[in-house]
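What follows is a set of structures for review.
Note that chain A is present in both complexes that follow, paired respectively with chain B and with chain C.
For the complex of A and B:
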């Protein structure tokens, strides 16, 4: 397959920035105390992964993100469907949904600690609260866009309401639900890792903050790069999948 | 064989809600759709043409009167054997041309090898050969409308209702699609009711053209065109074509002006 020019340029930009930062660090223009060379970060990641020290933290973080994600997708989708089908509920809730994003959910962390204790639950709840709104909004967006004529076509074909919902409404809204899941993944990560920073005794976010407090730059930077790479790979995979889906429908 | 449709004193009043008065949209309308005829409906905008179609299709209930298809009442429920083609693009964007056309047949549980044969025939008939695997987004508006017509045809409707099906197409495409529609009508023997805002389209395609009044829509007059069954778009050059179209406009002019004033008032 031919790689597009713009893709080549994009890769070039990444490589150049990597090399520039590497050189700045190697020649002491950036002090080691501030930042370690990227090459050492990469070696650090490999070392950490091989040592197995990260396994438990990774399992903790990923399982929390997973629970927050699944819960937000299920609850968000169901809520979207309900809000969509009752016009009065919709009118009441719409402005609330629009302002939901401006709420810094982290401020509720102390309350969740009081309620659930110093367990994984508070950070799952925060991840969930960040993700669920994106799912509700995108579900509504998908359902709103269904042309009435498609539903009428189903009725003409003698389809039942449930049949229409499953065979016409759902496939039509699928790309929007896909976007919802994509955003939910990003927000769950933000919520969970952010919470681990504030108050937690395990997880990747906690490990970064622990390394920071102990002047362990190698571990800290390696972990940061590791999380960045991990989330980037997930997002890029989903993005290219989504692009294919949208192109087929003539959106892209 | 085409279905026989009867409308007996059909009226549709939209119930008023949230303090708004009820809206008398249609009727009373009496109409006999003869089996196998091509009936055109023209009328000023907002006169209830689409409501008429929805009532006949069973998509909307009647407020008074009744609709009979082949003698059986349509109780606000979609009857088997009725096909509808809408003005808006109704192709399913997530399905290929082939799957779009096969959609209705598969829902009926017809075996796949039969579906394949019928769909292939319809694709050939509608001039969609070579586009079987294309998605609607890759097609022009005219071709998408062909997909919708094919999807309706494969279900072998006895009564085909068309709601301004060529409204979104350019003039040349419309004339050609009109020819194709006449062909389909001859081949299937179905009864066709075509709603259109284009007077020349109604004149060219229909055996009879019902001219509707402004709201509440009733038939002012039903004009017989008197064309032979094997007509095509070349009749537009005949003097009688101009005469019939002029007759329709004479009937409609005043009603259209009334409708325009009504719209102004409601704004």
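For the complex of A and C:
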């Protein structure tokens, strides 16, 4: 019953914050040119979605994010497995991985524009570069946690290397791979939308900055809320799936 | 794979030299592939970096970035430790708040940048706000877990020994949660730096991020590459130092911890 109470309280907190922001905006304590009331943002999203004005930008951004995400998960996972199997490589690369995220990858965006032109490819590359390290780090983390006794037992029972990989290593590392995918989603979005902010001619990030430059707060806030809600829904879906997996394994 | 690491220093040194050689070679190859227009050579970049370090216009920008960064880091650390401490101590609030914090932590925060600009205007305030926004949540999450995971027996013992609230805090709670809180601060450090730099890149009139955007506008590859190199070196060195301290505090090897955006 306690869990229920926590959930109820959480929903209450969210509703109260929504109402507080709404009231602050409605009574002019937050000026309209700074922020519009949340209720108008929600109506704005519905309007934008129904009008179909956004379809093309949405398709551009989401497909770029999708490609960056898939590529980073595949490459990152493969790289993680390879790095993990060579201990010296691992030890040498670890500090590099630890500092990877202190380099602002966006700096290289113009270089990719020079190389690939002002297409979707530079955004995808930036999204990929942002996401791939998260996947590598979490894959390594997952592989580290596998108790050696499980692998040994498998070997004693005469399992082949492939069997061990598929039946012991992969299931055990799965939760960490989930974390990797969740982070990769956030990072691909950051890479793609950030790139669109800096320089681009289409996409949701471009539309947000276009609306910002034209003082079109309704469109801007609606788009931002749309992206954030979208990412949150994906993450929550993954989270509940992950929870089910964990429960099955008996960690609840 | 966490076999005891019994390595002798020379082997480690060899590995580092090999890594360095591989990186430089890869960079040089990339230069040949992409051409002068996209990338400068490793040695050219290093030479230009030295020149940049000696130039007069570089340091005011460094100062602009670092004053914003330090204020943001101070705000993120103080706020994060305070929020995390309260949420860790008061279990119910912690349980209520944790998924909300994780949710905010996992959204792409660049998207919020225009909102920050509307609230704070272009300038140091926006940089500080954006930097602190990146750092505060991981610090709060790590602190919350640190406080939650303090063994109850420590607190019980302290109560049995009739420690006052202040002694309880300074001689039991603080030392017990220190290692995890430090990990949070380390992660917060990197994220705050990224946030500050991003904010400077998207809209500001001074600082290293501004210098980069200016160079991007004028297509000055020398400046782009050398400022990036200097930033990466700075962040890398500080991070390596913090990582060492972190390992020392945990008295165990710490792997690269994950950062969120």
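As a convention for this text, the second predicted complex is superposed on the first by the 243 of 252 C-alpha atoms of A that agree within 3 Å, B and C clash if a C-alpha of one lies under 4 Å from a C-alpha of the other, contacts with A are read in each partner's own complex, and residues count from 1 in each chain.
Everything below uses one rule, namely that contacts are C-beta pairs under 8 Å (C-beta built on N, C-alpha and C of every residue); 3 or more make two chains touch, one makes a residue touch a chain.
Worth saying up front: this structure is predicted, and the values here are computed from it rather than measured.
*Asks:* Once both complexes are superposed via chain A, do chain B and chain C end up clashing or fitting?
*Replies:* fit
*Asks:* Classify the contacts of A:84 with the two partner chains as first (chain B alone), second (chain C alone), both, or neither.
*Replies:* Once the two structures are laid over each other on A, A:84 reaches chain C alone.
*Asks:* State whether A:244 touches chain B only (first), chain C only (second), both chains, or neither.
*Replies:* In the superposed model, A:244 contacts neither chain B nor chain C.
*Asks:* Applying the document's definition of touch, where does A:171 land relative to chain B and chain C: first, second, both, or neither?
*Replies:* In the superposition, A:171 touches chain B alone.
*Asks:* Between chain B (first) and chain C (second), which, if any, makes contact with A:163: first, second, both or neither?
*Replies:* After superposing on A, A:163 lies in contact with chain B but is clear of chain C.
*Asks:* Once the structures are superposed on A, label A:193 by its partner contacts, choosing first (chain B), second (chain C), both or neither.
*Replies:* second
*Asks:* Which holds for A:32: it touches chain B only (first), chain C only (second), both, or neither?
*Replies:* Neither: A:32 stays clear of chain B and chain C.
*Asks:* A:10 in the overlay: touching chain B, chain C, both, or neither? Say first, second, both or neither.
*Replies:* Only chain C is touched by A:10; chain B is not.
*Asks:* When the two structures are laid over each other on chain A, which of chain B and chain C touches more residues of chain A?
*Replies:* If we count touched residues of chain A for both partners, the winner is C.
*Asks:* Enter the shortest inter-chain Cα distance between chain B and chain C once the structures share a common frame, rounded to whole Å.
*Replies:* The answer is 8 Å, the least C-alpha separation in the overlay.
*Asks:* Of the residues on chain A, which ones does chain B touch that chain C also touches?
*Replies:* none
*Asks:* Note which residues of chain C are touching chain A in the complex, please.
*Replies:* 1-3, 5, 7, 11-12, 15-16, 18-19, 34, 37-39, 92, 95-97, 99-100, 103, 106-115, 117-119, 190-191, 193-194, 197-198, 201-202, 209, 212, 216, 219, 221, 224, 227-228, 231-232, 235-236, 239-240, 243, 255-261
*Asks:* Any idea which chain A residues touch chain C in the complex?
*Replies:* Contact set of chain A toward chain C: 6, 9-10, 13-14, 33-35, 84, 87-88, 91-99, 101-104, 106-111, 114-115, 130, 134, 137-138, 140-141, 143-144, 146, 148, 179, 182-183, 186-187, 189-190, 193-194, 197-198, 205, 208-209, 212, 217, 220-221, 224, 227-228, 231-232, 235-236.
*Asks:* Given the complex with chain B, which residues does chain A contribute to the contact?
*Replies:* 147, 149-150, 152-153, 155-159, 163, 167-168, 171-172, 174, 248-251
*Asks:* Using the touch rule from the top, collect the residues of chain B that touch chain A in their complex.
*Replies:* Where chain B meets chain A, its residues are 57, 59, 78, 80, 82-84, 86, 88-90, 92-95, 103-104, 107, 135-138, 155.
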